[in-house]
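Lettered A, B, C and D in written order, each chain numbered from 1.
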Amino acid sequence: MKRLTLLLALLALIIASAVAGERRVGTSPWGVDDEIGRLNLITPESQAAILSRLAGGKNYDLSVEYFIGMPSWQAAGDPHYRMWMTHTPHGTVIDDPMNVGKPMNEHVSYTGAAISMYTHMGTHIDALNHFGLDGKIWNGFSAAEHAGDRGWQVAGAENIPPIIARGILIDVAAAEGVNMLPDGYRVTRDDLKKALKKQKTELREGDVVLIRTGRMQLYADADAYMANPPGLGLEAARFLVEESGAMIVGADNLSLEAFPSELETDYVPVHTYLLAEQGTPIIELVYLEELARDQVFEFAFIGGSLKLRGADAAPIRPIAIPLRN
Amino acid sequence: MKRLTLLLALLALIIASAVAGERRVGTSPWGVDDEIGRLNLITPESQAAILSRLAGGKNYDLSVEYFIGMPSWQAAGDPHYRMWMTHTPHGTVIDDPMNVGKPMNEHVSYTGAAISMYTHMGTHIDALNHFGLDGKIWNGFSAAEHAGDRGWQVAGAENIPPIIARGILIDVAAAEGVNMLPDGYRVTRDDLKKALKKQKTELREGDVVLIRTGRMQLYADADAYMANPPGLGLEAARFLVEESGAMIVGADNLSLEAFPSELETDYVPVHTYLLAEQGTPIIELVYLEELARDQVFEFAFIGGSLKLRGADAAPIRPIAIPLRN
Amino acid sequence: MKRLTLLLALLALIIASAVAGERRVGTSPWGVDDEIGRLNLITPESQAAILSRLAGGKNYDLSVEYFIGMPSWQAAGDPHYRMWMTHTPHGTVIDDPMNVGKPMNEHVSYTGAAISMYTHMGTHIDALNHFGLDGKIWNGFSAAEHAGDRGWQVAGAENIPPIIARGILIDVAAAEGVNMLPDGYRVTRDDLKKALKKQKTELREGDVVLIRTGRMQLYADADAYMANPPGLGLEAARFLVEESGAMIVGADNLSLEAFPSELETDYVPVHTYLLAEQGTPIIELVYLEELARDQVFEFAFIGGSLKLRGADAAPIRPIAIPLRN
Amino acid sequence: MKRLTLLLALLALIIASAVAGERRVGTSPWGVDDEIGRLNLITPESQAAILSRLAGGKNYDLSVEYFIGMPSWQAAGDPHYRMWMTHTPHGTVIDDPMNVGKPMNEHVSYTGAAISMYTHMGTHIDALNHFGLDGKIWNGFSAAEHAGDRGWQVAGAENIPPIIARGILIDVAAAEGVNMLPDGYRVTRDDLKKALKKQKTELREGDVVLIRTGRMQLYADADAYMANPPGLGLEAARFLVEESGAMIVGADNLSLEAFPSELETDYVPVHTYLLAEQGTPIIELVYLEELARDQVFEFAFIGGSLKLRGADAAPIRPIAIPLRN
């Protein structure tokens, strides 16, 4: 019995190694200089097609607020969101930082604030340099040659263009008949297909696909929001990109994928699959509650992320505009 | 002679005092709870009107990059933009912050970065709490009651809605026949009228009006960009809001207005006029070079600023989409 | 029965109010300009007296390490300790921040790091402006007149002189016969007297008195260290200052005092008592384990805190040097 | 003529290469695990020797203040000193971060501040990992094996012991008969010998040697302080360590050494010589004006730097106590 267990464990290790061995960063079909992967699917024509179908003046705000105490990725000890005052109406009267004297400071009431944050906080998009495999990222750029103290010299967030594309909400929670998927639930390929069928939505190449787990309802309570969230499984991710042509994959949870990992050799296999193998940016912490409430499954997704040079992610505040048929 | 000088000085003081005395924060026509001022001009109808006129798939990126050494408001000693790595493909192998062991860290190449910044950096929008008069901001909210250590509890950037509006470029530099307005040049009401006439553009209520001084061409050289920029004068600002109905006023320079101030009692009179008296948000550091090159004077302005709770400004990456007639 | 409970509750409220009413910031016997309170007890003579008794070359390091994940005061959402690399031997080769070229960057291996922190982290001393009563601090300085956006213009940490004084360890844990005082244990006046008697130590005016609860043994585990620590009670603090003449009071725990507060009107009564009423600086997170192990109860306390202008606290790395009799 | 110039250039290159080729990190005589180099010279005996000679109760504060706008090393774009308020007596009444209610916040006046800084600011000591050669630091530790995202796992500032040693002021400015050495002046071996002779001071093994250039008089004006300071030359550094036995070398300027570098292959040769070749920590921005005024050339140097784990430098506030003969 013990021997059998040992044999099985070894077998698992061999398979895992084989799987790991197979995995490598993707080579871009858009050329050796490509730094944005599937975002190349955005063209004047693709944008014209979606913009020609806008239905009226309503829009949906897909982003969350930034505030002290907000949820963030804390597993690896990264900075929380901080916001502080560098100038206040009262403080400037005391400090006089502009050298204008007390009367003018009492008349002109100046308020200024500063912020600091890990780039993977709030509604944000991951650049393709966020996760790689074996020291390389999408399209073979290596950390040894391109990663400095101030970010990567390739594939940084400043390269992400404004995004105007067809957006699709896949409301998995609704399709499962629940308000929120259970803790740690791993969304499968079948779950996605079932939800799409129920919604009568079909995916097309170039879509921004946003998965709703319902977890966003806990956003105001950071601990609850962050604890063991439901998320995407690896086969589900493959379905979205390789079978369905998604350009961007996003969700309403903290880190897109479910944990613990499905692979023994990779603690974030959905991230490395999407970013490093497939050149597919990820959007996290998307606010989908109102789209879901109104059952808006197809829409124009319009948003521009901050052009943080060299960074592996950037905040974005996208909007969704419903489409005419 | 000396007596005359003295008399003139006294007269100037009296006038200045009178002007200062007159100046007070505006009361919102949108009600006692209003925190966003003229952004109330955005309605489903106003948005539908502009979205129905989009011309094809081209868009213009109106924002600048964030990088170490970028221009920023330094007169009052505020934080520069900082970006740093919290995780690198090499460093995680040494530190193992996820407790996954060396082999997995060598396979999964993790990059993470953090940023810090004054909120008035890069392309950004000022919230109405940024400048007030006599301890109050737009609509009479007082610092004594509403300004805490974590920002204002009213009129913060989180209240700024996604902006879909008619955008207008006023290319003052082009109208003056120069590539860039001279250092310290103060744009007047007549300059704006002349440029609008030359462009054959007319302003409408609810416009996002963006003034081009040409200064953005120096953005890569922070010292040059920041030194004594051309900017808007007070009468020009009055023309835009009170005569022309602008909803937002922006420009391609650091701080919108020209210095030194036109008023003895206020070091930033255009800011206090727009924000505190008129409830008109300001957008600074807008990238207008490509719009100017293509002579796109009218467009859809679409953008969402980060929802930084309580903050007096937030980064935004808007786009411009040309319109059909 | 219910009536009795109500009466008792009212009585408690009245007493609490009375106590609160009585409490006010202290007026310095060292003059209207005094910003350092009992630190005025340091004189050339007091220092000469202690320095003349140094016993040999052994010293004890009384400070803790700063590291990512270290304990800190988190109840009010303050910044954690952060440390990050701005230059690394590899990164400079990529970024070339000094503009010296790749060969020189490969030869000269540059490492640079930056930090950020709340000032009340690690072994630190509180300045007298840290806590006040009714808008004023020690010696009547008011926030309205003296507290700006960059700290207080009076009583800031830059005023704290180098400290050379008699140091006393009161090992309350040892006196109680335990390794560590229980969670939430409030050290009383009697506890201190008992420990002093057991140690055969007597207090003198001008002492730096350091209370050992034993909690420091949990320092490496931040959650354990921070959770409901034992601490000083109000009467014990009164005993140290008013009866015994202590110049500084410190301890090996996070916040000196025990929680919840003994007063209904003040959530940190020991802090306000020491800082605001008595002008007595507090030192927290002092490492006392080795002094305790060697039963060194009396020593020269020598240390200089960072001169952070306007700040309400500053890190310090003091040493203890045993004394001859 | 041109050919001669070319030949000379080639010759210079060959010599430079040879010099560069010769330079390598030192191997510690204190063993393969040694991380502190010459600080091993501190022993109980060395400390007892110096402590036995303390002369009375006067001490000199050798550190500078930290404030917004203070001088710092800016050549490579590193963070300035920042200090900001996270809690103020007024702000807590608005924000109530402790959830104690308005009345208690009005009664208990809470002030809290945070800071951020490059570690090489203010009076500070460099750890031996600050500069290396060819990817290695003192004692052969390599960046490839030991440098992570959170600093070095060896030779970090947390290893620096409290320093009690003989301190020596070499007042080069006074010896030259000037108030301040001229801009860019490079202190030579002869300058040091001349000053020592004039002072009648002799160096001994284990000394903390502090060079006065007089530049500290400009500290309040950051631009003036930082611009082209006088500093130490390479032969002068060799004299201090190899001929005279210095344990630590410090100065009152920004970066100890004079620029531009004396070596074509190394932009900071005095740093790499001291730290990487000789295992000799550096102290910068030391305040020596009062020692100089009182002509205190020999003293006990007592100070403990902050134990910043993994960091390449740490702030220190040392004191000098005059000695008896």
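The rule we apply is simple: a residue touches a chain if its C-beta (ideal position, glycine included) is under 8 Å from a C-beta of that chain, and two chains touch if they have at least 3 such contacts.
A quick note: this is a predicted structure, and the numbers were derived from the prediction, not measured.
Hopping across touching chains, the smallest step count from chain A to chain D is 1.
Between B-C and A-B, more contacting C-beta pairs join the chains of A-B.
Rounded to a whole number, the gap between the C-alpha centres of chain B and chain C is 44 angstrom. Chain geometry summary: the mean Cα position of chain A and that of chain B are 28 Å apart. Chain contacts: chain A has residues 68, 77, 79, 82, 84-88, 90-91, 97, 114, 116, 147, 149-150 touching two or more partner chains. Arrangement of the chains shown, judged by which pairs touch: all-to-all, with no pair of chains left without contact. Every residue of chain B that touches chain C in the complex is listed here, in rising order: 84-86, 88, 90-91, 114. By the touch criterion given at the top, residues 68-69, 77, 79-80, 82, 85-88, 90-95, 97, 116, 144-150, 153 of chain C touch chain A in their complex. Chain A meets chain B in the complex at residues 20, 43-49, 51-52, 54, 56-59, 61, 63-68, 75-79, 82-90, 97-98, 100, 103-104, 106-120, 122, 129-137, 143, 147, 149-152, 158, 161-162, 164, 265-268, 272, 276, 302-313, 315-319, 321.
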